[in-house]
């Protein structure tokens, strides 16, 4: 799928494939192709170096962008899925289990999106239900018992807004996770890989380290939702996206995240393998670093990190970082 | 309601009320009435001093026997009901809340039976659902946070055997309670007031002290159920009741309970007030005693108590007590 | 209850003597409405209160000591929307309400017992949770922790404040982290949900009380009714997301009338045994 | 897998060469049935195993050291029913099965890793939980605690043993208390539910594993199917109380085929980091 803002690139790429498709294989043609390729690459590099927030949203939601299953295959050498919240069901929108990254063993939890409509219906488009958040909490508590770090992959439009979800306590489930994750005595590494949608994202997002892929977004409300409330016009989503400061760069500056994992040129969906490498390297390093901290220090560091956000020093707002 | 085995008593009582109803109020009649009264009392005393196990079952299930609501009114000076398991619902078969007994404040939990069919349907005849056991656990954990003793009143035919109850994990809910109650860092006083039905009773029954009213029963299976399995004949319930050793005396001897609260002559249903007095006195004393123990000792004592049950010393079965 | 009596005089000067209950449309004398603490005598609807009104119903006279009154909305994003800069909007709100943030916090006595209180005010940008709100809750919880005092929050909020973006979202984690420390130290935290308690506030500190209390008929829920109806494409039950519905589903311990709230809280707190 | 190969010879001597699968009624060569570890090649039905058979599939060769083999059914109630004294019935069962209780416990190695195992045997009075069973589990858990070894129980039981009355019931609390201590000390406890795991066993140690594993299609549940149908007066779904149903409802982490069980357990245990 091509994104709207990549139109000019797409045209050049079509030109190139026409040239390549030509039967004659003379030197002139080859050099034309090479030139074009270089041009496309440099255009793409430029385009992606300077994405608007709204363009970033589109990249973050790109249907070919890696989803949790892809990361499990590409980043982790083993994954043993563990099912169920031990009370009601086994949510498909949030999954988890034992996983190995290099030589490090962790408890992996994350939002599960699909790639086809069918898959997406099965996993609810990555929108967690209360049983999903409760399963995640159960697994985090198990990680605590087994002294395993928690790695959390965030990619959700938000917690599922349904009748049953409300009846079974969507609010309670998220609130409980925020409360319990604050005191978890093992390292927690969080990575926003795509959409970091509001409370549904934060519900598994209280980490010692919070990272983002360079074209991921993380927001209190979807740009569309914000536009329709504050602009009274859903089509003003681009304006809202810009105003909300939802890109990795902006969030790093605000101190909300601790690091950015650079995506390959053209976005993670253009080169899964390179994305997995970068993710694997960064998470491994973070785990190695956090492993050296005592349980008490981990809790204290995580607590202070969130205490700093929106802090008022001497009663004046203070951006930390 | 009169019980089958009280037939002869009932006849005498009818005689007496006929005499009393007589219009002449001469001395001879008065003395006849007095004599009859004495006779009835002594008969009842004898009858109740020597109830068969099956007769005890009938007394334990007597519809006029005090239920939890009665104890709340008669034994406790305050009760603030707390609702909900914070995940699914608010079971009516198991309730709980803050309660005061004399000057002591406790967390009270218990099975709720009704007295009319309507009431019983509302509270499911005292049969807990998973959400009931989970509510009880939540309240016990709250008691732990507030440093409050737990008082648990047991009166249930058993946990509710329903489709929904199974789907939501009746087994898990009970098992979880047994596991968590074992390590609760506050005193737990358990009193079986009527029917102690199997896992449904034990699910809120892991106490530092387990008491029974003198005509209550506590059993691994209902006598009817046992008879229909082992005798292949439900009408052999009296035999099963005897074989299962389900009366307070038998259980005290087996070391399963720690004390018996004597009921008034003729059973708790004949004299609620006297029953409440006895219950209040005994529970208050137990609480006062346990209050002096540290959290660690409480856990250790409770653990050892249950470890002793069915213990094999030097590989030979050993009844402790 | 000083506040309510003081207010009466002002009311009488106005020509319109009637209040129309927003819930049942009953016409009630304004005086009666005030005397009933803004609760409808017909349908028991509990009208939203200003934080100062609520405070008057809770704190023993002259016992309130406000915390962090000078914390005002920050504008970390330099946010502007169709109506202009958030900074201006916030400033206007502050001036209009004589209130610096969407929550009032402080210490006070309730029937002689010291507690720490947080009272949200829906009039302040929909009672939205933003950096200032979160910080005030955090600092109040910290005070409760250090002084071993029970902490009570009255919620009234539409959710996180969009104008402070992700920093508003982070206040959910920050406030819950503060509550988590109270849990660890065995300090009571009681949540009282009033109309409305939704979105990010319901999904954070409002839902994790040792005891969750609600005012009758308060709207409580995570997602908005319209969003849910659009998602599931079916009508929702009438009592959906009411306090009563929440209690039935296991999330509210007790529904307490406004007039009994103070005494109820005091009764409950007697069950906490300080170690 | 010594046990399965040893057994083959004996099977061949018998005239009837076929096993009929109790689940799908397929006719399967006994030899094939044995080679498949008593799993139906047609429908993946996992036949119940004797504890010794199960042990052979799990323990590294010659690594098993049995605990408390001399614990035999006690008769604390001097129980008798229509068929006579429990003591006699127990004695006959012991002699017939060459097994002293409904569970086999001990230490062993699994792919070189030390673990403590408990394996229930449904042939022994329906795998019922009684004083001896509970005591053996308790002592095995205690061993696991003292030696910091993972504890794994394979359940197969109809529930508590009526013949030991309330003392059987109390084993539910006793075994869970033992598991609770493992939790406190961070020692892994893994529950594997095999066909059937019901009643008091499902409502105690079988359901509170760090990980709950089940064999395919195992019957798992608290109340009996008939009792439930009588209570709710409606037919139950076909897959009710199957391992698959339990997984769907959130109570089983993983359903594992018999042939892969040992390796699966070892893979899982690698995630426990001893402190």
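Letters A, B, C and D name the chains as they come in the text, with residue numbers starting at 1 for each one.
Just so we're on the same page, a residue touches a chain if its C-beta (ideal position, glycine included) is under 8 Å from a C-beta of that chain, and two chains touch if they have at least 3 such contacts.
Every value quoted in this text rests on a predicted model; they were computed, and no experiment measured them.
Touching chain B and chain D at once are the following chains: A.
Remark: chain A and chain B have CA centroids separated by 54 Å (rounded to whole angstrom). For the pair chain B and chain C, the distance between C-alpha centroids works out to 42 Å. Computed from the mean C-alpha positions, the centre of chain C lies at a distance of 53 Å from the centre of chain D.
Multi-chain contact residues, meaning those touching two or more other chains, occur in chain B at positions 86-88, 168-169, 172, 176. Each of the following residues of chain D touches two or more other chains: 183, 249-251. Going by the touch rule set out above, the chain pairs that meet are A-B, A-C, A-D, B-C, B-D.
Of all residues in chain D, those touching chain A in their complex are 183, 186, 188, 210-212, 247-254, 267-268, 270-273, 275. The touching residues of chain A, when paired with chain D in their complex, are 78, 80-90, 98, 105, 107, 131, 135, 142, 145-148. Every residue of chain A that touches chain C in the complex is listed here, in rising order: 159-163, 165-172, 174-176, 178-183, 198-199, 202-203, 205-206, 218-221, 226, 229-233, 236, 239-240, 243-246, 251, 254, 256, 302-303, 306-307, 309-312, 315, 317, 319. Considering their complex, residues 86-88, 130, 134, 168-169, 172-173, 176 of chain B touch chain A.
Every residue of chain D that touches chain B in the complex is listed here, in rising order: 68, 70-71, 74, 76-77, 79-83, 130-132, 134-135, 138, 160, 162-174, 176-181, 183-184, 199-200, 202-208, 220-224, 227-228, 231-232, 234, 236, 240-241, 249-251.
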